[in-house]
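Note that the chains take the letters A, B, C and D in the order they are written out, and that residue 1 is the start of every chain.
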Amino acid sequence: MNSDNFSLSEKIVSPSYIRQGSQARRGHEQLIRQLLEQGKCPEEGWSESTVELFLNELAVMDSNNFLGNCGVGEREGRVASSLVARRHYRLIHGIGRSGDIAAIQPKAAGSSLLNKLANSVVLDVLKLAGVRSVASCFVVPMATGMSLTLCFLTLRHRRPKARYIIWPRIDQKSCFKSMITAGFEPVVVENVLEGDELRTDLEAVERKIEELGAENILCVHSTTSCFAPRVPDRLEELSSLCSKHDTPHIVNNAYGVQSSKCMHLIQQGARVGRIDAFVQSLDKNFMVPVGGAIIAGFDESFIQEISKMYPGRASASPSLDVLITLLTLGVSGYKKYLSERKEIYSFLAEQLKSLASAHGERLLHTPHNPISLAMSLDGLQANSDKAVTQLGSMLFTRQVSGARVIPLGKEQTVSGHTFRGFMSHSDSYPCPYLNAASAVGITREDVTVCIKRLDKCLKTLKKEGGTAKNCSPVSSSNQEVSIGE
Amino acid sequence: MNSDNFSLSEKIVSPSYIRQGSQARRGHEQLIRQLLEQGKCPEEGWSESTVELFLNELAVMDSNNFLGNCGVGEREGRVASSLVARRHYRLIHGIGRSGDIAAIQPKAAGSSLLNKLANSVVLDVLKLAGVRSVASCFVVPMATGMSLTLCFLTLRHRRPKARYIIWPRIDQKSCFKSMITAGFEPVVVENVLEGDELRTDLEAVERKIEELGAENILCVHSTTSCFAPRVPDRLEELSSLCSKHDTPHIVNNAYGVQSSKCMHLIQQGARVGRIDAFVQSLDKNFMVPVGGAIIAGFDESFIQEISKMYPGRASASPSLDVLITLLTLGVSGYKKYLSERKEIYSFLAEQLKSLASAHGERLLHTPHNPISLAMSLDGLQANSDKAVTQLGSMLFTRQVSGARVIPLGKEQTVSGHTFRGFMSHSDSYPCPYLNAASAVGITREDVTVCIKRLDKCLKTLKKEGGTAKNCSPVSSSNQEVSIGE
Amino acid sequence: MNSDNFSLSEKIVSPSYIRQGSQARRGHEQLIRQLLEQGKCPEEGWSESTVELFLNELAVMDSNNFLGNCGVGEREGRVASSLVARRHYRLIHGIGRSGDIAAIQPKAAGSSLLNKLANSVVLDVLKLAGVRSVASCFVVPMATGMSLTLCFLTLRHRRPKARYIIWPRIDQKSCFKSMITAGFEPVVVENVLEGDELRTDLEAVERKIEELGAENILCVHSTTSCFAPRVPDRLEELSSLCSKHDTPHIVNNAYGVQSSKCMHLIQQGARVGRIDAFVQSLDKNFMVPVGGAIIAGFDESFIQEISKMYPGRASASPSLDVLITLLTLGVSGYKKYLSERKEIYSFLAEQLKSLASAHGERLLHTPHNPISLAMSLDGLQANSDKAVTQLGSMLFTRQVSGARVIPLGKEQTVSGHTFRGFMSHSDSYPCPYLNAASAVGITREDVTVCIKRLDKCLKTLKKEGGTAKNCSPVSSSNQEVSIGE
Amino acid sequence: MNSDNFSLSEKIVSPSYIRQGSQARRGHEQLIRQLLEQGKCPEEGWSESTVELFLNELAVMDSNNFLGNCGVGEREGRVASSLVARRHYRLIHGIGRSGDIAAIQPKAAGSSLLNKLANSVVLDVLKLAGVRSVASCFVVPMATGMSLTLCFLTLRHRRPKARYIIWPRIDQKSCFKSMITAGFEPVVVENVLEGDELRTDLEAVERKIEELGAENILCVHSTTSCFAPRVPDRLEELSSLCSKHDTPHIVNNAYGVQSSKCMHLIQQGARVGRIDAFVQSLDKNFMVPVGGAIIAGFDESFIQEISKMYPGRASASPSLDVLITLLTLGVSGYKKYLSERKEIYSFLAEQLKSLASAHGERLLHTPHNPISLAMSLDGLQANSDKAVTQLGSMLFTRQVSGARVIPLGKEQTVSGHTFRGFMSHSDSYPCPYLNAASAVGITREDVTVCIKRLDKCLKTLKKEGGTAKNCSPVSSSNQEVSIGE
């Protein structure tokens, strides 16, 4: 309410109480003011009532909510269902304009603010999470893979001759497809085994660049967060290599924001060498629904170039979700999540280690992977050929989600390219294994329950010599389940 | 509640009342049954309570809502903010999998159902709206432009040599950019003036195909819905041409679902010739928030190929919005909207006509455009050079949204290509004009109020001889406003 | 947002768009201003977004939503469940204080405003609905019956000697109990039959007053809205009588606000004689959930006296519901409901008339009852003794709700008093009958469907000679159902 | 979804995933089953999604949500505003019937279940909280005071001759008014000072009973929870007295459910003597919005008698709020709140003690009061006459809510009775003091912040010699504020 309305209220309810109410309102306004002024994630999270007040304020600034508006265009933010209107806080116009997903919309000042603020708050959090020198970013309502595609499509205009993308192998379909969809030929560089870890083969990368000619290479496409025993790529060295050969470098940082190690790698890479853009998932890092990614980089003009490549307006939903979430958590809330994740990572490692030893298996030694862990399944494999996939099925039906079992020697063809040992990031990893990860939002109870159920399954499989009858009917589909993508 | 729980309830509350309650529940179940069985938009719209019951049922089938779930993966559908969880009905996992946006997710049976049903219901509505022989479609959470890009990227794999896209000119940035982003060279075919209408130059199209060689052409990219005085492309003839030259044909049907004429053109085009895919906006046709599109076609396998090109999972938000909306409206509700739109189109035409004649202007004769109308602004232009853009500013500040003014001779460069007479779909349209459209959801009051305000503005401008002081300060930005994209 | 925040926003998004957004906000503020200034129901209904904006503004003024509040009392508006907090718009403190349900709460300026405004808007609507000279009213979160009890308890302090309440019979338990609960002895005055109508026996009332002595009489307790063939009491004459004998007069106007006739009776009664308070249901008149009533009167100090009798704070829920509803409808919306109700009353009468004649029955002639109608069931009764109650059961199981069947000669004891012919407002009404009412919110379809189902039931019963097997199992409980209270 | 619909879903989405979804649904059903079977508060709280699923299930059982319902009654659960419908989960029919607030409604099986379950779950919690032998209770949508009135009105029918209520003094207006409103004459029994505590004068109570004659006494009306230095009444002895004299005994247990001591007193009182009913606030004990109370007792038939005294249907809102809250918290969640409250009580005592000694005051020694504490303000009073009330104002403007300051010798007339030393429960308590309470839901931060602000205020007042200028303008209204009722 404005001051006139407060004055009028004083005639209805005692002035001193109204004055206190109006002062309380200023408390909320003050928080909003800081947000507008600094464009940063607030240190302490906002209450739900401040968040909703703010969103309502944004909504009234959009033309579809103007009381006196009359619309004779083809896109007027009309909504047929009130359920739909409400769930979007009546912010209907989406973000961006025809020409640029980051542009301001004349019809929708509120949605435009939402867009700008979401990008700005997210940028702040990327900095806090470790990439201190990031210059620019934007939220895009597309999967990480499709966002990588957009980066590649943008690079094409800079490097019209380029046909290849150098890609240290990571067995996740969408990573591979992001290059295929953009129309490029991925050059798969196999990883090298160091101890239990699979690491970037730097020499092979350089050899490929030289072999194909830097001018024919669109970029190097590296990865941070990944399933153990693969570990994040050697970003520092790759970035230097790219710098040396004048080759662009795009980093897939899918769920790496939650790990200070991954973020540090990016920061270092950019410091010593070249990183053109790094892309991360919204849902995996910020506990929002699936559907958005952040494209970030160190050169504002290149990031803008990417944002101008998106033809048309886009859904504001992911921006809205991440803004609500970060305002609600605040820096302190988000950091608390991150530190809990880290602690639970250690707890999970411990628990898996003792479980492994109890079953004659071992926790693979993958110190460079800060999120994902792997436990060998040699004994199980020895027991029976099918036992490993059966374990996957059993875990699925017992509501252990996210645990992946990786059998030996699976072959799979993705968009025409055949991968041997698919899912293990390697043609022939020495042993089958099971993955478990400590990702942001995980609880101690998740770990405890998972270990208990896993223990039970392993015992059952051992006893049955691998013929776990109770899960046989779903085995075919569950094999797919165990892929976990 | 299941039958056990109903039985228990009978011990608490009189059995006959509980029995009636349980019977009432079956009423809702019956509606859901029909939806699952037929995959069609219900004839009569559902009540909000049926819709919400259904969405809750879907949500409990997703693993993030399992009461006993433990998650040790990197993507577990965790949500930090309860505001966010609620607004998505706790459907967090999005749609699709790594490999395919239309694929089923093991972790999210409910979201998978949502995705399948949204696509199926939308397909049903496309048929009812006039494209009776459409074979397949899917909702994609991207703008129409980006969806067109995805179609072009898919075609590239079928036609690796192709570099060009033949494009009858339409002055909307995102249409042009959709081709640029995909990495192709648009071949702009100017329209021909027939009376007041701008229509497809069929001969020029054919000439271009022959000139460049069909094998070098990715596709013809045509448009239905557009601003008058341009009219929908001659789809029948273009489709035949494409068929004859074995050239793919992608149709931008942005807001054409709402017009039986546009839909008829597509149906006819596919019958007599070749249409590979047609793409339409969700928000403009179904009154949902900006952010989604429908990619549809007559060959199921090609549409699937496109859906498999999207690398990664995607936001379920647009699918959810359109499903809620269509279930709530039902076929009868949606048809009612369409017929009202048609009536108001006539009303708008009438009103504009008499307004035009009162001000010495005329309603351009564009009978082939079923949605958009144009009124000349010759007199205004004569009055003063700036008057036409001033009119745009004035309408904006008076909360008339969607009315565009098109001055003469504006030149604009989009992604390196310079368009003369930009916004008018023509290098040199004979007169400046104003656009107004009757789009789905428009009300009679929108028209009445718009005409009244427009009348006032025109009078003011006439009186002031074009020096409307009150709107001068915002003129620079409003020029952009008037573009209305 | 305040002006500072708008200024800051101009740096993020184009100033002219923000300015328009801020202007749009003023539109909402303006509506709120009018409400605060005039305390009246707005002529045109508010949009949901204005309503929610307003409620959010109220909520931030309550201490439980102060960002810096610390609470060390026993009642601090804490809420454990966020579902609960949300559904009350975070307005937790209820209305009133220990001493007075209409009093202002220091801890809750917003809730206090809500309370005052709800009372003020309701007062305005009572005036518009016909009681133009009403002086004061308040919403109380209790049933109509309990609210009558509160009125009687208040009168006791004015008339400590009084023991009796004179009550023209109306067969609704809560009316009777309202007097019993207050600790008084109801003096039942039987109605007189005039044609088909049951009307107030004025002479009997006066006789009772004289017989018992006015000083021993707490008040006359009359009724407007009621089931046909009873009609509203002769308020004008009763009020004069009360005036003459210096006896208070409390009117039960349960669902009479919706009828201009009932409201006119009250207005006239107060003009020519004495009405101390009239009480009406919130839910029945304003389409809100059950649970509130309005106590209104012509002497502000007496109404205040009643409000001061409620010991303790009270639920704000009914006030909130009615305020939301009236702001959303506006005067024009509410009037539209009222006029539709009137039209459908005529339609229902017509339909019932022709149905009755088709089945050899007749529509009772009750022109003084503006809401409820009755159709004789003589033929059905003749058919079989049980047929009338069976009809009630059948209608219940066929989801015709609100239709009551009144068999002959039912005897019932309520709080120690035995009523012959209970439900018919008369010891011996000449015929059994069925009631149907046209109450606010009814639709034409309600009537059509009801008539169709009723017709079917009557045919079935006739055919079966009254032994409708399909509904026998629930007959015992359904007899009660048919009472419809 | 029923099994048919799950089967149909298996054709759309992989059967194994649907099966898992359906199994997950059974998890929710199982929780609902336990609730229906046992009528008890679940040990572990339900997730929001189970709660909402359950409420939706209830709603579809009410006739206003029947898809095929037609209504021709005067009360059909119609709702004009969808905002209102939603916030009540479409449960519109309220609770109870004309005759009985605990009765089942034919039109509303779902609301009836809600009512029964709320009562049953609350009964369970009362037992767990310490009154193990409680036999029956019901939630009533009225303030504690009005609920006491209803108890007194019910007793009147059992004791028609009685005129007096014996009432050990407690200075809270609504307690006193509850008797006045019911039409009885309160007989105020002054408390006796034992150390710092004000305790029941048992001899005076017995003397009064004998003096007035037990048959003329409606009941003894005692109190548990209260502001220090008053402490809970000696319930054991009072109950024995009531038993001995055959006098009913009604206990005001306003916010006593949260204290095991208060609950123990009631349990003991009922064991050794007579307690007819005990009444407690919903909001103060269960952190729900203001507006409901629980009437409970040890004799089911008497509690039923009370429930039958409420004439008319009632709001379901308080029942809904408490049911949602208790299902969400579960027994473990509620117990956690209670034990935290107890701990913070000790913390508050400690903090107040050291603050007091720092300012030359002392924490009054009131070990029998388990919730409220008092700190003397002798020094402040000595400083200046107005300083004590000024402290109240200052705390109010500094957003310390719930702290009450009690000056010496305030006289106040409530409903005709003049109380000396009002607010202090005593004609002449030896010193002025400040109250602070540790009530359920309080946090450690509430205490810390309160102590800090209180310290600051005391320092300011000392420095200014009592002429705190900054709060003078609001002093008159704040005096009232400090009453805190």
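We adopt the following convention: a contact is a pair of C-beta atoms (placed from the backbone, for glycine too) under 8 Å apart; a residue touches a chain by one contact, two chains touch by 3 or more.
On a predicted model such as this, the values are computed, not experimentally measured, just so you know.
K.L.:
Tell me which chains count as touching both subunit C and subunit D.
P.N.:
A, B
K.L.:
Have a look at A-C versus B-C and report the one with more C-beta pairs in contact.
P.N.:
A-C
K.L.:
Let me have the rounded angstrom distance from the C-alpha centre of subunit B over to the C-alpha centre of subunit C, please.
P.N.:
The answer is 47 Å.
K.L.:
Taking each chain's centre as its mean C-alpha position, how far apart are subunit A and subunit C in Å?
P.N.:
Taking the mean C-alpha position of each chain, the two centres sit 55 Å apart.
K.L.:
By residue number and range, which residues of subunit C touch two or more other chains?
P.N.:
14, 17, 20, 24, 48, 52, 63, 66, 68, 82, 106, 396, 399, 477
K.L.:
Considering only the defined contacts, which subunit C positions touch subunit A in the complex?
P.N.:
1-2, 4-5, 8-9, 12-14, 17-18, 20-22, 24-29, 31-33, 36-37, 39, 47-50, 52-53, 56-57, 59-63, 65-68, 82, 90, 104-106, 109-110, 112-113, 116-117
K.L.:
Over in the complex, which subunit B residues touch subunit A? Could you list them?
P.N.:
Going by the criterion above, the answer is residues 48, 51-52, 63, 66, 68-84, 87-89, 91-95, 97-99, 106-107, 141-146, 148-150, 153, 156-157, 172-178, 180-183, 225, 254-255, 281, 283-284, 286-292, 309-318, 321, 324-325, 328-329, 333, 337, 348, 371-372, 396, 399-404, 414, 436-442, 445-447, 449-450, 453, 477, 480-481, 484-485.
K.L.:
For a test of understanding, state which residues of subunit B touch subunit C in their complex under the given definition.
P.N.:
14, 16-17, 20, 24, 82, 396-397, 399, 474, 477-478, 481
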